[in-house]
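Questions regarding the structure given below will be posed in turn.
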Amino acid sequence: MTVKATVAALAVGGVLAMAGTAFAQDEKIKIGVSYPTPTHAWAAGMNWHAEKAEERIEALYPDVDMILVNSPDPASQASALEDLVSVNQIDALVILPFESDPLTDPVLNVKKSGALITVVDRGLSQPGIEDIYVAGNNPELGRISAQYMKTRIGEGDNIVILRGIPTLIDNERFDAFMEEIEGSGINVLDHKHANWNRDDGFEVMQDFLSRFDDIDAVWAQDDDIAIGVVAALEQAGRDGDGMFVVGGAGMKETIKGIMDGNELVPVDVLYPPAMIATAMDVTVAAFKSNGPVAGRYILGATLITPENAEDFYFPDSPF
Amino acid sequence: MAHSDLTKEQGRTLPKLDLKTMGPAIALILLCIIGYSLNPAFLGEGNITNLLTRSAFIGIIAVGATFVITAGGIDLSVGSMAAVLSGVMIMVMNSLIDVLGTGVATVMTGCICSLILGIGAGMVNGLLTTKAKIEAFIVTLGTMGIFRSLVTYFADGGTLSLDFSLRDTYRPVYYESFGGLPIPVWVFLGVSVAGWILLNRTAFGRYCTAIGSNEHVAQYSAIRVERIKTATYVIQGFCVSLATIIYVPRLGSASASTGVLWELEAIAAVIIGGTVLKGGYGRIGGTILGALILTTIGNILNFTDVISNYLNGTMQGLIIIVAVWLQRAGWRGRGKTAD
Amino acid sequence: MPFDGGSPVAVLAADRISKSFGSVPVLFSVGFDILPGEVHALIGENGAGKSTLMKILGGFHQPTSGRIFMDGKEVVLPPNGQAEDLGIVLLHQEFNLAEQMTVEENMFLGREKSSNGFLRRKEMREEVRGHLAEVGLNVSPTARVSDLSVAQKQMLEITRAVSRQARVLIMDEPTAVLTTAETELFFRQVRRLRDNGVAVVFVSHKLGEVKEIADRITVLRDGQWIATRPARDLTLDAMAQLMVGRELSDLYPPIAEADVDAPKILEVRNLTTPRVRDVSFDLRRGEVLGFSGLVGSGRTDVFEAICGLQQVEGGQIRFDGQPVNFRSVAKARDAGIAYLTKDRKGKGLLLEQGMLPNVTLLALPRFVRNFMLDRKAEEEALKRGIRRFDIRARDPNVRVGDMSGGNQQKLLLAKIMEINPKVVIVDEPTRGIDVGTKQQIYHFIAALAAEGMSVVVISSEMPEIIGICHRVFVMREGRIAGSLTGDDINENEIVRYAAGLKEAV
């Protein structure tokens, strides 16, 4: 009898205690931030900016608790979301989904728990789930790049394009670029996928150089590819004569080069990993601001030039 | 009597063997003809040099893989190993600038470091397979994940870059030529010749083949099976680190995406070359051709816009399967001997 | 010709069958017929064409010329085992069983009973039980094949054939891997099948068994048909003579007197391993020492332990007067001890390779010059071996796996001789080998001893132990049960020690 009673008492006590802590925690605004484990430089930059934003926001608002979780694949990200709801009982979720389809339902479940949903960069498959959407502008990245090309070259000049990994993002950038240069007389010799990767950028560019004797400019679409392209150009000795390469994203080394007046990579088009920080700020504002914040925030694809480069230079970020 | 029979019979069977050996070479020549007909620049000096240099990485790694596979093993960790070796090498060299300056001493130290770590990593793979008796597939699947995550960790998820001040010293190792051939091609040649001699002309090579054919027979024939098998993984590690040493000066960086799928390319090169995946028969010459074939496929696809970009993988897959199928058809014909 | 073109009663008949592989003729106009309800044995030396004839009768090879009749009608047998549908089942020497599946799954492999895609397991299990009971095989339908004994696997193969309404059962050396008791059990099943009207073709090198089980015997030699006679008309000697084509009176070589004062080369005291207890014996120079006993009595374990292939738990071994403990085969080899395994295919030879790499493998360090293999020396070694052991291969580049068992055994002998051993241990030296080659191997062993080498012969065949050994040790359950010398070596004594009826004090 005594053993049973003790167990029962402990159990009841435990439940009460848990309820107590839960109640105590409830006084804080808890915001879960979920994104893929960084495996490439851009994602590492995002991770860095997320951590910076967490520090800054928590210092500013002591009653806000940011919980950062990264996951190595879509399935673990879905599990992480469940944990954020059941264990951490979050009030809001900021998520950069690994993939759109597999995470749509898990995010919907989080929404059903009453949390505010902010989606970053990659949209979900179903509209209307997220309250706030923050993203870079992929078509704009292509368009701005093309516009810059048109200021440097024109009728009869030849360019080659190195694309990313065959995805929607890549297509949006590419299609917008092609639309913008249409009618300019600039001749696109060929376009190949270089998978947002330095090695592939190097090899594809080597082959373009063997194949085409006259190339006036390269749209590399991405800063990593651009590094490979530059190495190939230097190897072939074709990095002079006004040849230039346009990348994208905003890698710190590239931005440093622009500040230093690099002629081969004179500009960059921003697709900032810091967008996660923007999303976190807007989400906090939903709790703190007296103005409405729900809606879509599409960041501009700013052209980074020597004049404004300093504003986008974060020497401590890994990207 | 028996003597004269022997020489006569050899004379008869040699040409037959040669035809089979020539399979991958014929495939490569066909690819070259296709490449040339698509664009004459394909056979330009620049492109050939590019092709050879590019093949060097996979080729050198594949020579090591030939030993592992011939002895009945498999090493899935080579791509990740290359990445982590590149990363560590870059970190070591960057940190040594203050001590040793930006000269040859720093670069040499980095290279030695890579060699030691490569051999060590191979040793770990080998000992786990032989002493701990875990299947090579599982051991190297495990170390593949470990190496990959280590490089990610060292790079904070980003990219490790070689300090610019070192590049002038180190760059020539990839970009300079000697006697008309780029240095990586010389290294590739050296590794190939050494590998060929080791596999075909030494007791060690014979032991690898015997172990791959039948481990029991090898054990009963006084072969130190565990030692030889471990040695194949060490050779593999050594080859990976050589490949790393010529890879790093190319772009001067390493990241989590360095060397992704190199293990599969290396294994594919070995198998296309005629080495038997389950062991017991290895061909270094074939492996080298296999590596060249793989690189040439990618190169040709970059030289044409006839095939949709999205179908590149399909073309590569098809060519690999057809190449191996031709090989196996040859085997079947040979295997039909009287009972 | 014994055959007149399709006797109406023959269930399966071959008429003037010839077969060539490439330019090599293997069978010359051979006739053969099988009657329902008979056991027809096919005997001949290795390479006589038995396997080829069987494969032709099973549809696995097509004859180059000649006709096949089934129930008197000319047929072309379908390839790749599809002749099973006609009731002709060929059981290969290697088991054709899925080791990791159960008895019941194996019985129905490829012809599972199912309805709507679901297996009718209960029905199949019942049917399997029936078949097992019918042939008297006492195993559970759910037992895993890998857990069965060799004899049980053999019986399972036969049961499966029977369950598929086999009318002709062709078996290639089915008793080669069976113990005497298992063979008895197996023969009982064969007789039952015969009495049910099944025609059985049976290939064996064990002439005593052939005499016991067969109704008729056909002899092949060098691809030619030699004779078909009722078994009762043939003595064992007559069979052997027909096979070899000459008198076999000198099957065993004359034994040179053992020199009792010759120095001891190997002294073993109280050797203990996980499966051997307290084994002690001496081996003198120039002596042939026999190790007899039942399969599993620990004979192989003793010598594998001495050669560093198994763990030694205790005891002393002196070699040439020096205490030794070989931790690897390489150490034993360097000292001059060669162990020739009984598992030729699994542990002895690289079947996928040619003869050359096989013959030098054990002694390979001797063929290294300047870190490279000396091709010429290797070729010399092969020639030496071919000459010394009379290895007859059609083509020196032949895959060793394609060679006959006798030639494989000779190649193994050539292989271990390359280390110039002082002690040679041969384990089951004549397993699966025809009588002509057996005779050669016995003479080789005697010659080695005469040259001053010491030979240990481990064998389950008592006649050969008796025929070639100076002294014999009989093992039982991991211990030496007794030893016999000179005229005391006879079957009766060996059996009594082996079976535990007698124990040395």
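So that you can tell them apart, the chains are marked A, B and C in the order they are listed, and the count of residues begins at 1 in each.
Criterion: a contact is a pair of C-beta atoms (placed from the backbone, for glycine too) under 8 Å apart; a residue touches a chain by one contact, two chains touch by 3 or more.
Just so you know, these numbers come straight off a predicted model, no measurement behind them.
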| item | value |
| --- | --- |
| Both-way neighbours, i.e. chains that touch chain B and touch chain A | none |
| Innermost chain by mean C-alpha position | B |
| Farthest chain relative to chain B (centres taken as mean CA coordinates) | C |
| Between chain A and chain B, centroid-to-centroid distance (C-alpha), Å | 35 |
| Chain A and chain C, separation of their C-alpha mean positions in angstrom | 70 |
| Chain B-chain C separation of Cα centroids, rounded to whole Å | 43 |
| Contacting residues of chain A [partner chain B, same complex] | 37-41, 43-45, 47-48, 163, 166, 190-193, 197-199, 202-204, 206-211, 224, 227-228, 231, 235-236, 253, 318-319 |
| Interfacial residue positions of chain B with respect to chain A in the complex | 39, 41-42, 44, 46-47, 50, 54, 152, 155-159, 161, 175, 250-251, 253, 255-258, 298-299, 302-303, 305, 309-310, 312 |
| Residues of chain B touching chain C in the complex | 2-3, 5-6, 9-10, 13, 197, 201-203, 206-207, 209-210, 213-214, 216-224, 280-281, 335-339 |
| Chain B contact footprint on chain C (complex, rising order) | 21-22, 24, 26, 51-52, 55, 309, 328-330, 332-333, 339, 341, 343, 346-353, 357, 361-362, 364-365, 367-368, 371-373, 379, 382-383, 386-387, 394-399, 402, 415 |
